[in-house]
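First chain A sits with chain B, and in the next complex the same chain sits with chain C.
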Partner chain A sequence: MSISGVKLLRSYLITKSNLYELLERISERNKLYAPLRHGDQVVLDLAKSINDILIDYIGHSTLPLKKILIPPREILYEYWIEKKSVTINDNLDKIASERIVIFGIRACDIKSIEILDKVFLREFHDPYYKKRRENTVIIGLTCVSPDKNCFCYFTRSGPEITSGYDLLLTKINEHYLVDVGSEKGESIIISNKELFSDATPESLEVKARIVKETIIKIKDKNDLPFFNEVYDQLVKRFDSREWKEISSLCLSCGKCNFVCPTCTCFDIIDEFDPIRNRGKRIRVWDSCHFLSFTRVASGEIFRKDRSSRIKQRIYHKIVYSVNDIGTISCTGCGRCIEVCPVGIDIREIVRNLAR
Partner chain B sequence: MIPKQKPRVGIFNLSSCEGCIVQILNLGEKLLDLLKLFNIVDCRVLGVKEDYNKLDIAIIEGCVMSFEEEVKAREIRERSEIVIALGDCAVSGNINFMKDITNKPHKSKPLSEVIKVDHEIPGCPISSEEFYRVLIDILMGKKITKKSITVCSECVLRENNCLLEKGVPCLGPITRGDCNAICPSNNRPCFGCRGLADDANIDALIKAFRDRNIPISQYLIALNQMKHKGGEER
Partner chain C sequence: MKNPYLPELARIINFRDETPDTRTFEIEPISNDEIRGMPGQFVEVMVFGYGEAPFSISGIRNHPIELTVRRIGTVTNALFKLSQGDIVGVRGPFGRGWPLEKLFNKNILIIAGGIGLAPLRPLIHFIINNRYRFGNVDLLYGARTPELLLYKDELERWSREINVHLTVDKPEPEWRGRVGVVTILFDEIDIDPSSTIALQCGPPIMMHFVTRKLRELGFSDNNIYLSLERLMKCGMGMCGKCTVSGTYVCLNGPVFQCREIRGFIERVPEIGE
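Here is the complex of A and B:
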């Protein structure tokens, strides 16, 4: 199985009621994560009932897909000491037995998988990510109603996407067009043949039209340069005075990192119970906006200045990421804009600096 | 790995409601674990008062409001190896200080203004879990560092509806977290009980309040002035 770079296979059609039937069947044998309602938020979570799943929702979930592949707080392993020997109970074994299906994510999150793969499966393989990733099936849902902060078109990550998913659904009138993106996706079709019919040429045309319409919606709300074309301008403006102004607004609260589909920084903590001689090693998300992020063993902090921290986030997305993994790591989902209490907007920053 | 010589611990209170000490009792089974590892020799609430001269760890709850309390704090400091400030009153003065913030000089003093404090456990009340962790870390000789995580970021991790967006004066963005955003998750605004986050930007929060027509309390303004003067921080 290849994880990225699979080419588009065939396309099918499925009715809405058959789609629910398919999800029902999937949920019987897998952990099914899907967009659900939580207060005013759409959250990606374990679907307890198929009827709770949101199929036509606006924008995207509050936390991105990474919350499933790299949970915010994850026990990596537990250990105990007995007569001077250490036994390790690796959580990897549990992950290996999990079958995960993630349904209903948008292009911005599907694109993020490509970036997460480049971070976690490159030189050093993160075993926990790798196992989960191998055991995960992605069923995407083409976005037709972008939110006011969505700009995926300008990061070239959506609204159309041609790889990174196993199946991709697009609402076509009363049906859903199903694009197959991998062998895993194809096998779902094969084992549930009776729920699908072949795609018609018209349905493919309708999809192309819908994508075009969605691009227009995004373009209407945004006047932006393409984010993968502003590298040089941003490098030149590293010491620009604008940064001082931006950092005077920034609360350093770190929300933007937590909601970003491609922010991958984490911290490792150890918890030990000296009575039972047992301990846990735990991975938790971290944020480059926190002072403690660059604190080293001697106590020295390398990014004391707030502007150096906000610059780190923006430059990582658009410059360092290109140096490091060969692609920008902003997928244009707009989550950081949505949650920022003081309205710091990566679109404005990039537009101004690229001018 | 139970130590041969259990560290001697004293738990004291100055001006406070003793709620943080109740939080210690709320540890339940974990409190019994702590009793296997530590020897509590002095604690009014537990009814323990042994004869002792030196303490390995002194845990002090409450802020210093009077000369007598100042003397008491100094005495405890002198006979103790490690002093832990327990709860927001001890760490920053809490409610007493909030009322006192515009007075000069302040009558209420956080513990660190009077004696050297080795560790601070913030919160009103403290988190029992954090208290347990700090004591275990001291026992194991680990260096105790505070994370800079904010309440606001922990709140978004729980995918709550933002109270600020609803026009509620929530201090989450400038407050030190590690409380799992318990208040905003229960629809109560953060009132900053864990103290200012590292490099907290109060100016920016005041602007965010103004933009949403949220009234700005005198306390927040006074706190901001104090921060700009580089004086004590809550």
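Here is the complex of A and C:
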């Protein structure tokens, strides 16, 4: 359907059993990542059996979507040295051409893709990210049961999301409403037509009601300003004494960085086998909380003070990202709050500084 | 599109020692492609078997580019073990260099400390080669000892075209010049801050005092430029290590107008008040 060049993306309904059938079909031809149970955690991982996939779960996975698009450890290239020559093998060629489908992620992670794209596909294109990104289909799952640390409503990244996915599922009674977000998504519908029926006006109303209810759940647990509206206050309070207090707790462990869907800073390390004269350049996740993060050759460290490092992360999310890519880069998932061993809470920090 | 993480293979054509711990390498891609660097830009050099590090370009006059390297860490120590004809990898050039177009018909004041003269050398060459396009040109250069002054024979040649003022922290017996930090050299120059552009590179503490001195003399932040040293790992605005107040030094620097830095909310020691 097309009216004056604007493609109208439609909505459909699918039953739970047809959804499992769809996932089964998808997993035959794609690497299917989905939320899985691992002890008391929900992890986003390769689904070996469709029956393991969690469709109704609370909150979000422990690690965000970035672990698939920018793996924690990734070989960029390998090389070997022979006499007076060096041969380089780009690992890009090895990134599987097989398609990736990521199922079941929440708005907070879907929103993160927009931010990752702005970092990895701008003046320079990161070819490793780009290749995975192009090969990836996103099937989101609207969150109806936010966790105690979720606050996506206040970062304006959820619980409702209207772009960034190929398909978005929302549980409507015994069905799932399927919103199409792209042509890739539409083509999944077309090639599995018999599993879907057209969405009813009532189902769209139910979705709107469910989203409202979820917002109320989030608001009940949080009394926060909108994070995209606190820029000026945070800028003004960069030198506030409160930072000393906040950072006196911080252990600089970097966990908040590693679980954050939009913390993308990385290091590139070297491995070399002197017997076979072969080496690897490996990209690994890094943390702005580590003292070594800003150390230059002369030994100078530009963020020696712990408060300067904790500020780096918070200001990156709420101030620097706005300057750099035009949007805040906190998606309100609350993972950093969950994992912090000393209970540092970005919500409290922002609430206090924005006052 | 070419993968910007892959280095281009290049050969060490030649090298010469500048000081006991500093060496200038001439490097040329084996493909014979030219590395078209601008004064103030940097490249990433991969020493296979050891790792990669950023270096400012210290010479672009000839076909091979020149890099002046101080032996200080793993990569540079490994680089010093290489000889003529050996292979390294090069990525770049990256970044924004000195604002050449803003310098024409102006008086130029260049302030350098130690290895900080390296990224300024291509600019000095450019000025000397186009000498008539610039007004008075002064170079204030300080090093720890006379032995550690870079480009000693060139300093002599430069002094025929521009005013070269030298100082050292610790003199040796035969040293006849000034002794003290680089800011003491300001008493040798007579400048009009409104028609002069100041360009500096050196240790943060030097730039801190030089910037302060320049402002005392009446320089506007618009006419002061600094080259910042940060950890530019990827060089492409992604890895995040070089950011200052959220600005990527690798993309938007390493050369900044002092006014830009003044607008940062994160403290920058190089201009700290």
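Assume the second predicted complex is superposed on the first by the 342 of 355 C-alpha atoms of A that agree within 3 Å, B and C clash if a C-alpha of one lies under 4 Å from a C-alpha of the other, contacts with A are read in each partner's own complex, and residues count from 1 in each chain.
Just so we're on the same page, a contact is a pair of C-beta atoms (placed from the backbone, for glycine too) under 8 Å apart; a residue touches a chain by one contact, two chains touch by 3 or more.
All figures in this text were calculated on a predicted structure; none of them were measured in a lab.
Engineer: For A:Phe124 in the superposed arrangement: first (chain B), second (chain C), both or neither?
Structural biologist: A:Phe124 sits against chain C, while chain B stays out of touch.
Engineer: Between chain B (first) and chain C (second), which, if any, makes contact with A:Gln41: first, second, both or neither?
Structural biologist: In the superposition, A:Gln41 contacts chain B only.
Engineer: Should A:Phe272 be classified as contacting the first partner (chain B), the second (chain C), both, or neither?
Structural biologist: both
Engineer: Going by the contact rule set out at the top, does A:Phe293 touch chain B (first), chain C (second), both, or neither?
Structural biologist: both
Engineer: Looking at the overlay, what does A:Ser85 touch: chain B (first), chain C (second), both, or neither?
Structural biologist: Touch status of A:Ser85: second partner only.
Engineer: Once chain A of both complexes is superposed, is A:Val339 in touch with chain B (first), chain C (second), both, or neither?
Structural biologist: first
Engineer: Given the touch rule stated above, what does A:Pro72 touch, chain B (first), chain C (second), both, or neither?
Structural biologist: first
Engineer: Report for A:Pro201: first if it touches chain B alone, second if chain C alone, otherwise both or neither.
Structural biologist: neither
Engineer: Who wins on chain A residues touched, chain B or chain C?
Structural biologist: Counting contacted residues of chain A, the larger count belongs to C.
Engineer: Just to be sure I follow: which residues of chain A are touched by chain B in one complex and then by chain C in the other one?
Structural biologist: Touching chain B in the first complex and chain C in the second, residues 81, 267, 272, 274, 277, 293, 295 of chain A appear in both lists.
Engineer: Report the residues of chain B in contact with chain A in the complex, numbered from low to high.
Structural biologist: The touching residues are 1-2, 33, 36-37, 133, 136, 139-140, 145-150, 152-153, 156-157, 159-162, 164, 172-174, 197-201, 203-205, 207-208, 211.
Engineer: For chain A, which residues are in contact with chain B within the complex?
Structural biologist: Chain A reaches chain B through residues 38-41, 43, 62-63, 72, 81, 248-255, 257-259, 267, 271-275, 277, 285, 287, 290-293, 295, 304, 306, 339, 341-343.
Engineer: Okay, in this complex, where on chain C does chain A touch?
Structural biologist: Chain C reaches chain A through residues 1, 3-7, 9, 46, 48-53, 70, 72-73, 76, 85-87, 89, 203-204, 229-231, 233-234, 236-241, 243-248, 251, 265-267, 269.
Engineer: Under the stated contact criterion, what part of chain A meets chain C in this complex?
Structural biologist: 76-77, 79, 81, 84-86, 88, 90, 92, 119-120, 122-128, 235, 238, 264-270, 272, 274, 277, 279, 281, 286, 288, 293-298, 300, 302, 308, 311-312, 315-316, 319-321, 323-324
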